[in-house]
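Across the two complexes that follow, chain A remains constant while its partner is chain B and subsequently chain C.
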Partner chain A sequence: MTKSGVGKIVLWVAIAVVAFLMPQILSGNQYWLTVLCLLAINVLLVSSLRSVTLINEISLGQVGFAIIGAFTYATLMMKGGFSFWPAVIVSGLFSAFVALLLAYPFLKVKGIYFSILTLLVAETFRLVAFYWNSLTGGPLGLTGVPGPGTQNLPILGEIDLDRPYNFYYIAVAVVLVAMLILYYVERAYISFQWRAIRDDNTLAGAVGINVIGYKMVNFVLAAFMAGISGALFAGYQHNLSADATSRFGVTMSIYLLVYMVVGGKSYFVGPLVGTTVLTLLAENTRSMQEYQPMITGAIAIVVMLFMPAGLVGIPAQIQKWRRRGRSGPAAPVSGSGVVVAGSASDEAVALAHDEQANG
Partner chain B sequence: MNSLNLWLQATVNGIALGWLYVLMALGLTLILSIMGILQLAHGEIYMLGAFGVYFLVGRGLGLYPAIAVSMVMMAAFGVALERGLFRPQPGRDVVLSSIVISTGLTLILSAAMVVAFGLYTKSLPFLISGSFSLFGAEVPKDRILAIAFSVLALVVLYLFLKRTRLGLAMVASAQNREGSFLKGINPNRMSMSAMAIGCALAALAGALAGSILQLQPYMGGLPMIKGLVIIVLGGLGSIPGAVIGGLILGLIDGIVPVFFSPAVASVAPLVIVILVLLFRPKGLLGHD
Partner chain C sequence: MAMPLLEAQNVSRHFGGLAAVDQVDLAVDEGEILGLIGPNGAGKSTLLNLIDGTLRVSAGRIMFRGHDITRYPPHRRAHLGIGRVFQKNALFKSMTALENVLAGSYLHTEHGPWAVIGRSYQRVRKRQDLIDRSMELLGFVGLADQADELCTNLPHGSQRELCVAVALASDPTLLLLDEPLTGMNAEETTSMIDIIKKLNSLRGTTVIVVEHNVRAVLGLCATSIVLNYGQKLVEGTPHACVADPAVIEAYLGADSDVV
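== the complex of A and B ==
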């Protein structure tokens, strides 16, 4: 195993340990645990969005699949008599099934058209949830969606998993497992096909890759993850609403995209970093809540214009400057580290891809 | 008779809505075909146009001059956006950067309007008051006037694109950016014109919507999505396609919720788009 491989594992273990000890560190502070639960759920959603970028498409519809997951979970729990774990899994599978139905016509188009269609999907599913009175409670939404409830666990005994303190572990565990799956899929053989499709669609088809088939696998997997995230949200929040201003509005799709780009879309940890940074920023500027979206929007624009590789791309960028500084004239390094030429940061992205390919 | 009345009113409402969507789609299709970007903040331009009219009317200007001023202001704003944010830079992923920048813009502009005007819905004065009877049914005049304004805007745009040098240059640039560049057509100038015209059309649509419906800071999202769907439906760069697509979506929104259910009305566009994509991937009237 290479040196950077060990470093990566150490990093992930450190993240896992910190995540595991977080309730102790926060000494059970309810408010921050709530924030962290939602953060974990959002990280999964953003990771599902990033997973679609592996085939060089930008999906604005992950929120739509999260809606399906959330309302499927609620229906299964309230009317179907399911218990927590089967309900979560079935919600994810149902999201994936809907994605499978949509995948063929959608993936025949590329680029901007695909983004438009996924945006339409998100809004359509939201409106259906908003108007389907008998199933989703219509404009009023659903209240009293059961969570995991009190369960008898081995060793730990009877535990009320609905409390934020305990639900936090469920959220983190599910998100961790889901991220591991995404991580291994990204390293697996199938990702070579995806990368070929990402780099050149036509050429990939010409060398015998079933382009639309592999794209469909990617899209369906991402929808599954989004569905799981929606189900977790429903189980955590206990009430669901498909209002335009709710979590499932178009604005949420925008935020997910911003989280991903700010973190760095070419990096697996990008969604984690971007979501965490922006969520913490949002929590710390809560006093000026109405200016909040402006700050987020401005950050998105600045990141896109000046460091397209995102926050995770900064170390690679600095390393590059240092290397250049040693061999030639000093690169223009600004104090804030924000001013990055477009072409230079593209090389950083390429560097990251190489690293992924080697690691 | 009552049922006929309802049908007629729903149809007129649907057509009026449809033309608003057509105006949005025309702007978006100009921007998308000439600049190659997805301008997701177009709905916010629509909203800003409506609020511009609201502000100017509140300052004592008449409704029609206010609409004209707002359109000019939004055109200037569009040019500024193109120069400042959307102009392509070497080494930048055009699709992703345009989506992220315009979504960032969406957040900024809608939040700014919430801060400036509050969340409550507002309304503009009527374009014209009263109604006339048609086959014994009452039809509000302002809907008809809104349709007339939209059709007028469409005709002006069509003549501009087919009869003037700048318009023809824009069409050429949309058809082949490099080829027209070699003929001395500056793509950046074409992009600026496209943004100016698109934003003016969006401002007109917003002002009409503010008058026949109501206005609030989040009013732009839905018409923007409808406009984008119309592009997929009608075919990129096709003006007749945009009109047909817009009228289909408008009639669905006008008629289906009244006689069937709003849930059906919200699924219908998705189903139609999927059917169109399966059988005509380039859209109803689109071509390569």
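== the complex of A and C ==
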């Protein structure tokens, strides 16, 4: 237990060091730094989607909150005279506020109805942005959205944070903090209530849990994170478009869902792994661009059929197979094989629970 | 005269044109076990749903300890002390028996906005007093040795007992039991009846029980109400109810039907 704990820490430190040195490793390669920035931003968006699955709902509207965040950020920076950090935070808060207004009626319905509502409202936000000429630039979109700009930092001195080389650190830092918040919340007592609601929301209400209230907290928090990711995107790209083919379209919602499922939606790091793997894969197959959706789709199908717990679930699954393989031949009576298999799968369930609990 | 613990005044619930519950009056005194019987579709479960807030009434008032709770959502009624065991085995599926009871103990833990965000899930779950209390409840329903079993792995009868333990975890004054004996064998039935008697006599919990098993109702309840087509047919001691010609007609049909 402690051995694997140490292993885990070593692994995380290694990942952190690599992530920190990435710009040097890539020797400032603009293209790959852009890919990594967008990757970090997407990881946050997918994590916000996963956060909603804690109450057993699938939100197809996270891009809707991202677009609100993005255009709020742009407006605050271009017309409101805000500086970078307050604008990012306020954008997230505004997304959360819009989510709060929608949360009650939305969360009164469940399952597919909730998904449809979120999908439609996201598309509505996009269309509003697409036609609201005076605020969002309409079909042409906005250009020249300022990023963090040149700032005078302690120790480092004057730094142009708009350069991908430097913005990379901002994106990673913001996403990291946001993920830590999500991680923390998932370990807090509130998440036990979410789990109770996810398991049986009528019973949760009957034992005194304010079902709609807890669901609203979850939804609003997820919208906040989506808003932050939208603001980061706007700050990085400097131009925004609400076109159907932009990253705020329905297709993107579906991709986010695929990223989450491929990574493993019951694991906190699932969105990170799923998004990273599929993004890197898409980048490496750029020469076959027209086949990319098919490749992604094929991978999603393979993962769903053979690894329902997602890529992060593979170690647990291998362990299960190994255990079954070990105990299988050793079983003295043929009849007890069933029992052994049963107990192995129980252990796997317990293991999955542990994994969930420990992250 | 003492105020009844729960009083339903003239409550109705319509589904479209159908009156599932039609102007029913009901009163339960503290410490009583009230039986609700009636043929299938008589509106018994609907009436329980109205009392615990799963459904809103179409007309009428529901008073609990003098509060008008007609418009309260289920969780606020739970705060006031109304517990519920559903007809299906409603349990927190991903949890063990012990965790189910811990989740049911929600009202017993600190649950203000800061407490739920500021405290770790594991720390609340590992609090010894909470675990002791939950184990005691599991012991009460006879499941102490299966505390770490995933609830969906328990046999049907034990799952129903666990449902009772989950409901008791919120310390209800009034417990609504919806057909606690369905699908149980003779042994399980006896043990469930014992549990209901015990929780009434030892914990002083008032119980409203909906049940098809008339013999069990005869053994359990001091008073019973017979519903038919959403209306109250008879109220009285179970023996008197069962002997009432109107009740016999509701269950078996009138003589004229036979001829």
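In the analysis below, the second predicted complex is superposed on the first by the 320 of 359 C-alpha atoms of A that agree within 3 Å, B and C clash if a C-alpha of one lies under 4 Å from a C-alpha of the other, contacts with A are read in each partner's own complex, and residues count from 1 in each chain.
Everything below uses one rule, namely that contacts are C-beta pairs under 8 Å (C-beta built on N, C-alpha and C of every residue); 3 or more make two chains touch, one makes a residue touch a chain.
Computed from a prediction, not measured in an experiment: that's the story for all the values here.
> Check the residue A:Leu127 against both partner chains and state whether it touches chain B (first), chain C (second), both, or neither.
The first partner, chain B, only.
> By the touch definition at the top of the document, which applies to A:Lys108: first (chain B), second (chain C), both, or neither?
first
> Figure out whether A:Ala206 sits in contact with chain B (first) or chain C (second), or with both, or with neither.
second
> More residues of chain A are touched by which partner: chain B or chain C?
When the residues of chain A touched by each partner are counted, B comes out ahead.
> Applying the document's definition of touch, where does A:Pro146 land relative to chain B and chain C: first, second, both, or neither?
neither
> Check the residue A:Tyr291 against both partner chains and state whether it touches chain B (first), chain C (second), both, or neither.
The first partner, chain B, only.
> After lining up the shared chain so the two structures overlap, which partner does A:Ile190 touch, if you call chain B first and chain C second: first, second, both or neither?
It touches chain C, and chain B stays clear.
> Looking at chain A, which of its residues have contacts with both chain B and chain C?
Residues 346 of chain A touch both chain B and chain C.
> Which part of chain A faces chain B closely enough to touch in the complex?
Spelled out, the residues of chain A in touch with chain B are 58, 60, 102, 105-106, 108-109, 111-113, 115-117, 119-121, 123-124, 127-128, 130-132, 244-245, 249-251, 254, 257-258, 261, 265, 290-294, 296-301, 303-305, 308, 341-343, 345-346.
> So in the complex, the part of chain A that touches chain C is made up of which residues?
On the chain A side, the touching residues are 185, 187-193, 195-196, 198-200, 202-212, 346, 349, 353, 357.
> For the complex, which residues does chain B have touching chain A?
Those in contact with chain A are residues 32, 36-38, 40, 85, 89-93, 95-97, 99-101, 103-108, 110-112, 114-115, 218, 221-222, 225, 228-229, 231-232, 261-263, 266-267, 269-270, 273-274, 277-278, 281.
> For chain C, which residues count as touching chain A in their complex?
52-54, 73-75, 78-79, 83-84, 86, 90-95, 102-104, 106-107, 109, 111, 115-125, 150, 153, 166-167, 169-170
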